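Dropping the structure in here first, questions after.
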Amino acid sequence: MVDSILLNPIYIIGIGLGTSFILGFFKSGRFQAHPSAMHSERIKTAPWVLMIGALTVMTFISAEWLWSFLFNGQLPQQIYTAGFEPPFSINLLMGRNEAFFTLMVNLVGLLSGLYLLDKFKEMGTHALSVYLVLIMGLNGIIMTRDIFNLFVFLEIASIATAGLIVMTSDVKALSAGFKYMIATGLISGFLLIGIIFAYYFGGSLNIDSLAEANLTTVQGGVFAVFLIVVSLLLELKPFPANGWGIDAYEASPVGINAVISSASAGATYYVLSKVLIITDAKWYAVTAVVGIITFLGSNLMGIKQTNAKRMLGYSSVGQVGLLLVILGLSEQLGNSFKFIIFGIMMSHYLAKAGLFWLVGIVKTGILKDWGILRKKPVLVFFMGTFIFALLGLPPFPSFFAKWTLVLTLSAAGLNLWVGLILFGSLIEAVYLFRWFGYVLKLDADKERSLSTPFYRTFPVWLFGLLSYYIGYVASVMVPGGETLGMFYLPLAFVGFLFIIDRYLPVWVKNTLSMAAMALYGWYYMAGLSEFRMLFAIIFIGGGIVTMIAGYAKSGKRVGFYPFVVMMYIGLGGLLLSENILQFFISWELMTLGSYVLIIRGKKSMPHALSYMMFSLGGAFLILAGFGLAFAGSGVSSISLDILKNVTRYSGLIYTFLAIGFMTKTAVIGLHIWLPGAHAEAESDVSPMVSAILLKAGMFGLVVLMLAMGSQSLGGVSLPYLLGWLGAITALLGNLMAAFQEDAKRLLAYSSVGQLGYVVFAMAFMSHLGWLTALAFALNHFVFKALLFLAIGGVVMRTKTKTMYEMGGLIKRMPLSFISVLIGIIALSGLPPLTGFAGKWLSYNAVIEKGWYFQGFLVSIAGLVAFLYCFRLIHVIFLGQPKDKFKNIKEAPIAMLIPQYILIGVIMLFSLMPNMVLKPIGEFLVQYFPDGALQWDGGTAVSSLGRWSGVAIMNITIGIFGTILIWLLFMSRKAVKVKQFNIFYSGEAPSRPELTHYGYNFFAPYKKAVGFLVQPLVTRFWDGIADILHSISDFVRRLYNGNGQMYAFQVILFVVVFSIFTIG
Amino acid sequence: MVRKIFVIILLIGLGWFFYGMADSFHGSDSLNMTASYYAENGAEEVGAANLVTAIVVTYRGLDTLGEVTILFLTAAIAAFFLKSKEEFSKRDVKPSSELLQTAAGMLVPLIFVLGVYVFVNGHLSPGGGFQGGAIIASGLVLLLLSKPLQKVNSRFFALVESFSGLFYVGIGVAGIFLAGGFLDNSILPLGEFGTLLSAGILPVIYILVGLKVGSELSGLLTKFQETQEEN
Amino acid sequence: MTFEPIQIAWTLLGLFIVFNVGLLLTSTVRKIGARVGKRRGIRFFQPHIDLIKNYSFRTNFSHGIMFYLAPVFRLTGGIGIFVFMPIIYGSAHFSNFSFAGDAILIMYFIFFGTLGMALGAGEGAMPFSAIGISRGLSQVTAAEIPLVLAFLAVFIQNNSFSITEIVAAQQGGFLNWTMFTNPIATITAMLAFLGAMMRSPFDIVLAPQEIPVGPPTEFHSSFLGVLSTNRAIFPIAKTILYINLFFGGATNWPVLILKAFLLYMWSVVVGTVFPRFRTEQSIRWFMKYPLILGILSILVLQLG
Amino acid sequence: MLSVIIIIALTILVLAAAILAVQTTNLVVAVISAGLVSLMASVGYLFLSAPDVAMTEAAIGSGLSTIIFFYVLNRVRGKDHG
Amino acid sequence: MDFGLVAVVVGFLLILIGIWGILTQKNIVKIVIGFSIFDTGLHAIMVGIGYLKGRTAPILDSAVSPADALTSIVDPVPQALVLTAIVIGLGVTALMLAYVVRLYDYRKSLDISSYEDLKW
């Protein structure tokens, strides 16, 4: 129990006020413009120390209360003023919520106070008083239970805010402050009318008494309720009547807008939530509607912003909108309401304050100048933390909150809300990730330095670390949180990697990471079976093999290994998941890790952004799908098995999940992120993201299809659609690959095509189909990793990815050449190598299923694959070597080792396909008993034909060897001739550039079928982006900067709102 | 013009809404629950004849504290960003007329006394801290008008303001220890109803409020006065 | 069916026959062409002589490892098609190594040689070779598009990939041939066949006038010998595939050779009648009528 | 009855002064009118049995506010606005 | 005639007039004047709400004894609130005027459309 005398919550107010009055004893400091008035350092610091002391005590009191509420079973306490009981005197309440919110306010107040040290020194004691009063006022807003008293505290807060806005003392801030005053003046006027009418109709000013008075049932009382609600909503800056608020965000000094965003918004939000008890259900619904409009509208506005503060302002308003939605739907959310609010609120609070603080450290609002933050990698880390937290990615509290929100809303049948919330979140992600991309990629101004005094970085550190801690707390609280233990140890290792990241050389970290992954695989994956085991081999085994290439790097490679390991943990987590929560967390972890890996590439900024957008879009669809499944299964369980028991919405669930997973497999239409992302990534990242990561989507499809079988939507069989989609993807992906000039892009498009095969084959929902798909998947992993590594090695040496600039490299890089040769033979499915297995199986499956035309498309895709395969090897390795690459070396040994391991795998698989395919077939029989493949030793026998890998291999090698020996014998005297010793009508060309035919290699093809590869999809998505941007640009003209316009909007909001609610 | 038409349409909408509100207002025949309580118990519990004062200072004392805080804020903000001329001597202002100066010399002390009277008697008669404070401030205006050359000591106002504010908060906190809660009136005996020294701590508070409001308003005015010289 | 070493001998025998037939067909075709042009033409054994001559040359001229591998790939491709295919229906000796795979294997093995050739030509570093390859690959893959449809139609019709089974289904009179049971597929296949044979109008790949150099010039002596060997075997092997799938197969050597000759002549006749296409023209051509016919052939099966 | 007449007169005057205050282009007139609105309102409050409010409105609303307005007017007038 | 109702109606009208001023006047001093009229309207409404017909001020003196206060005084609560509101209104007005002065210092203009620096 808290001592109610010594730690009376009223002291928060008393101390705040008293200290600011004491500050009046100090001589006021003045502007810098008057240096004569500057006082000595110590005198200037003393008031600041006093204020910090006061804030510390205030923080301590609310912390103490929260502590006793949480752990000592403290009961809520009423604080009566003037010694009389409410409703006749003003009373305050200190309950669990109040303790929580005041702690939030005071903590951010304290830290911002710390952060603003030099600013305060410059501005003097008046500013300190005003600041302290602001914090005090916010505390009052939270605790008071009297509605007029609330008005007074709101006025205090808004006047103090207006005062602090002008602390920057430029004309922009002044005009913003003036607009802010006009708007808040009007709003508080309306609030006052509402209050006095509430008093008239309810006979009291006490909120609890007013609640008993049932104002909404009194004729006329509804006006009072309307005005109170609308003014409080307006205080929360609802879209579109919020231009004044946005300007204020932009104009106010950075420490201050941290307070406005985190603390004021939180406090005002809490006020609304406590005042809403005087209303009825209708007003909750109204709040939710206003909230969603604000959430969507503000985030839309955010897209067009170029100034960090303004953008964060929009984001803040949007987040508050989301909180309003949740508040408005609190009835439907039931028991989860508090948890959801807690999660979203905490994330917003920590992240927004942190980001605003960072704005002050970077000292510029211009987003494109933010590259300078890279001088302090720790701050970049925290910035990422905040952005991820804001967007609801794990392991941050908002993730768990959004998760619960979606599940609960779905269970309540509020699917439209789910859709809108997720859509808004996606828009928000657009600009936040774009910003993060700028930070990570754009060149910094070399001249500028980044000053990071302790008092500025400390708050950022604290809130950054708190985000993780609160995330942990939320993860324990979320239903199903007890099953998240599987992430703790692996993620702890990621944390460890972060800590050592800046100190150890790359080979140490590479070794550590590989060892960790091996252990991870050993301890966590050993018990897996069937599909999961198969994918574990690809994910973890493949991951380790590709990581060998990391030894080729030198230096420290800061910011690489934690994310690699995180990605693999995510991938592994997918396999270990038993419930949808684990699955979704893993999915997001994987996305996060891979995003950072992808953006590390030199030119990958836009591609990483589109990767993230598609991934998040996909993740949200998955989330929506899980939500529907949770609702549709009828059992309140989060086990993955609910997918099997779905009784409602099954078509929708299937569609959502399938599309969500297919954003990762990059099916046509959702593929535009892939080529850039894979092509621009670093040479050892490309194989990871292309060969391994894409399989995550496939695994998702496996889980989905096994659980739900075939579903249909609107009478159309979804697997049938998937089949077509996969086939078209295969064809178009390969065609596009054939026309690339960029080697890695070619491989990337090839991945699109290959994954098209996989989707196509899975859609068969038959034994052979799935066997095909799995064979494809394994093969694709092996040869794509091989090719990307080999090409990566070449690119590393030549420093270019454009194929026609290379040529003749076979002489310099023979080992890489062999890798590529084996790789393309496997890829194009030529016998005797392993790729043929997939082809053969797919023909069997096609005939068996009767999907002839789809099969036909896939066959053509195979032919086209042949084209680009040849192009890849020819243009890079054959032809005339260029002068500038005359002396380049073979790829580093570290890159070659994994390549030859993979070649070994290919050879083994080619010789003994039964070794792999037979066990797969055996477990597939459980799911698809019909049409299984028979094995006659090493020969596969289907109802249609037969295929003996061993025999083909042996015969081919026999013929090949014989002829080779014969030829070698015949031309045993031949020696290699010089480069230009070719028959050229007697004239040797002088430049190798003239003799290397590599550009637009398949020109005739392009002429003939180029119309098929028009970038329609890209144009479609660009169009969507353009439309969003145009809407954003158009709507933001509302905010024309004119104070009267803003006032007009505020009043219009009131009028329109009244028409909709009581009119 | 288009803009005005829009505004007119908007105001018609708002007017229609206000019409609805005014229409729902029928006046009252008797005091409502809260007001009745004050009417019945105010005199007894607080001991102030002026019920408005009783409410303002005691029952809703926190509001008043907030309100003086707002004035404090305003004064602080104005002081903060209405920058004063440091070089006071340089200004070139016509001295005001002899008559005004003499009148001011006589009137200002009277006005100050009146102001003090108003807030000392706030618990008995109409008026109180705010009104008294405002009167004091108006006296200051007269002073400023008559003697523009005289440098007004804004430090003095600041000190008075801080002292009274601090005492106010201090009394409030003392209520927690000595009586029923923050700003409890009964830490002093209520005294005899209707006399100057009655109503517990209320008069003291109102005096502090008066001092505070007066000094804040004066400070504010001084700041605005000081801007006059910047040209 | 299990593997017995003696099969190697029988396969080699078959290979030898096919090899000679291929060479003779080449000379016959040229002779016919010459006679039509009122010339004498080459001797029937001229290809044999050329081949022997090529093999007996000794070269000291090489462009590197791939230069060796290309002809090897090429010939392996040609021989591979042959050895994985049953030649004579019902003959235990001339079923070759068809136990190892089926028609799908052969479809894909065709590309084995193509790839090797292309690689070798690339290694020769002659830019015209690369142009030729670009054209060749484009055209071959385009020609394969209708071909795949035609093959699919046959597979669907017989519900099998096994060439032996497909041939078996065509026994008992020529009306059982796919040619008559599924004429559309056959027409499609024959149109696609033209593209694969690289004769006019689809001979721009070799383009003897415009591109006087390229693989045939860079490769010489025994390299060229290996390639020429393949030119004898490969077309015949491919023709045999068509015979097996569409024309009832063959139960003895004379029938096989007759059918092969007729099929071969089909491309020759067309070639003498039609002028040459540019590459993109030929691609477009394959994507028009043959493609439509191919789709039709499958539709007929699906609906019928 | 007298009070009713006074109230009606006050009402009309208040509204007229208010309209004048917002419509006139002369800032001095506007400020004075606004002060008048307050002053008449404070008279009205007396009729509404609110002497405290009346005093406050008179001292603050019509008194101090107007003074501050004039300080500001003095500060900004004569340069580009009347 | 109910003076309370009159005060409420006049208050609403003043509010409308004030808003008219705020929304249509270009001069920022006029906007602030609009505000002060808006505020006056608010206060009038509040006082009007607390008025009870025929009752006296809520001051207990010789005329009104504490015993019959219940039946003879008007509602003191709105009056108390108005006191607070007036002082707050003064604070807001003063602050706005301070803004006016500072804005004027920067741009030498009183036109609100000169201060559209932050937008979109």
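In this document, chain identifiers A, B, C, D and E correspond to the written order of the chains, with residue numbering beginning at 1 in each.
We adopt the following convention: a contact is a pair of C-beta atoms (placed from the backbone, for glycine too) under 8 Å apart; a residue touches a chain by one contact, two chains touch by 3 or more.
For clarity, every value in this text was computed on a predicted model and none was experimentally measured.
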Least hop count linking chain B to chain C through chains in contact: 2
Steps needed, at minimum, to go from chain B to chain D via contacts: 1
Pair exhibiting more inter-chain C-beta contacts, D-E or A-C: A-C
Intercentroid distance (Cα basis), chain B paired with chain A, Å: 54
Rounded Å distance, chain A centre to chain D centre (Cα mean): 58
Interchain centroid distance [CA atoms averaged], chain B/chain E, Å: 15
Residue numbers of chain A (touch at least two other chains): 148, 152, 155, 159, 162-163, 166, 193, 197, 199-200, 205, 1048, 1051
Sites on chain D at which at least two other chains make contact: 51-52, 56, 60, 64, 68, 71-72, 75
Residue numbers of chain E (touch at least two other chains): 4, 15, 19-20, 23-24, 39, 49-51, 57-59, 73, 77, 79, 81, 83-84, 86-88, 90-92, 94-95, 97, 100-102
Interchain pairs in contact, sorted by label: A-B, A-C, A-E, B-D, B-E, D-E
Chain C residues touching chain A - in the complex, by the definition given at the top: 3, 55, 58-66, 68-69, 71-73, 75-76, 79-80, 83-84, 97, 99-105, 108-109, 111-112, 114-115, 118-119, 122-128, 130-131, 133-135, 137-139, 141-142, 144-145, 148-149, 152, 155-156, 159-162, 212-213, 217-218, 221-223, 225-226, 278-280, 283-284, 287, 295, 298, 302
Complex contacts: residues of chain D adjacent to chain E: 3-4, 7, 11, 14-15, 18-19, 21-22, 27, 30-31, 34, 37-38, 41, 44-45, 47-53, 56-57, 60-61, 64-65, 68-69, 71-73, 75-76, 79-81
Complex interface listing, chain E residues touching chain D: 1, 3-4, 6-7, 10, 13-14, 17-18, 20-21, 24-25, 27, 29-30, 32-34, 36-37, 39-40, 43-44, 47-48, 50-51, 55-59, 73-74, 79, 82-83, 86-87, 89-90, 93-94, 97, 100-101, 104, 108-110
Residues on chain E engaged by chain A in the complex (per definition of touch): 15, 19, 22-24, 28, 31, 35, 38-39, 42, 45-46, 49, 77-78, 81, 84-85, 88, 91-92, 95-96, 99-100, 102-103, 106-107, 112-113, 115-120
Interface residues, chain E side, partner chain B - complex: 2, 4-5, 8-9, 12, 15-16, 19-20, 23-24, 49-53, 57-61, 66, 69-71, 73, 75-77, 79-81, 83-84, 86-88, 90-92, 94-95, 97-98, 101-102, 105
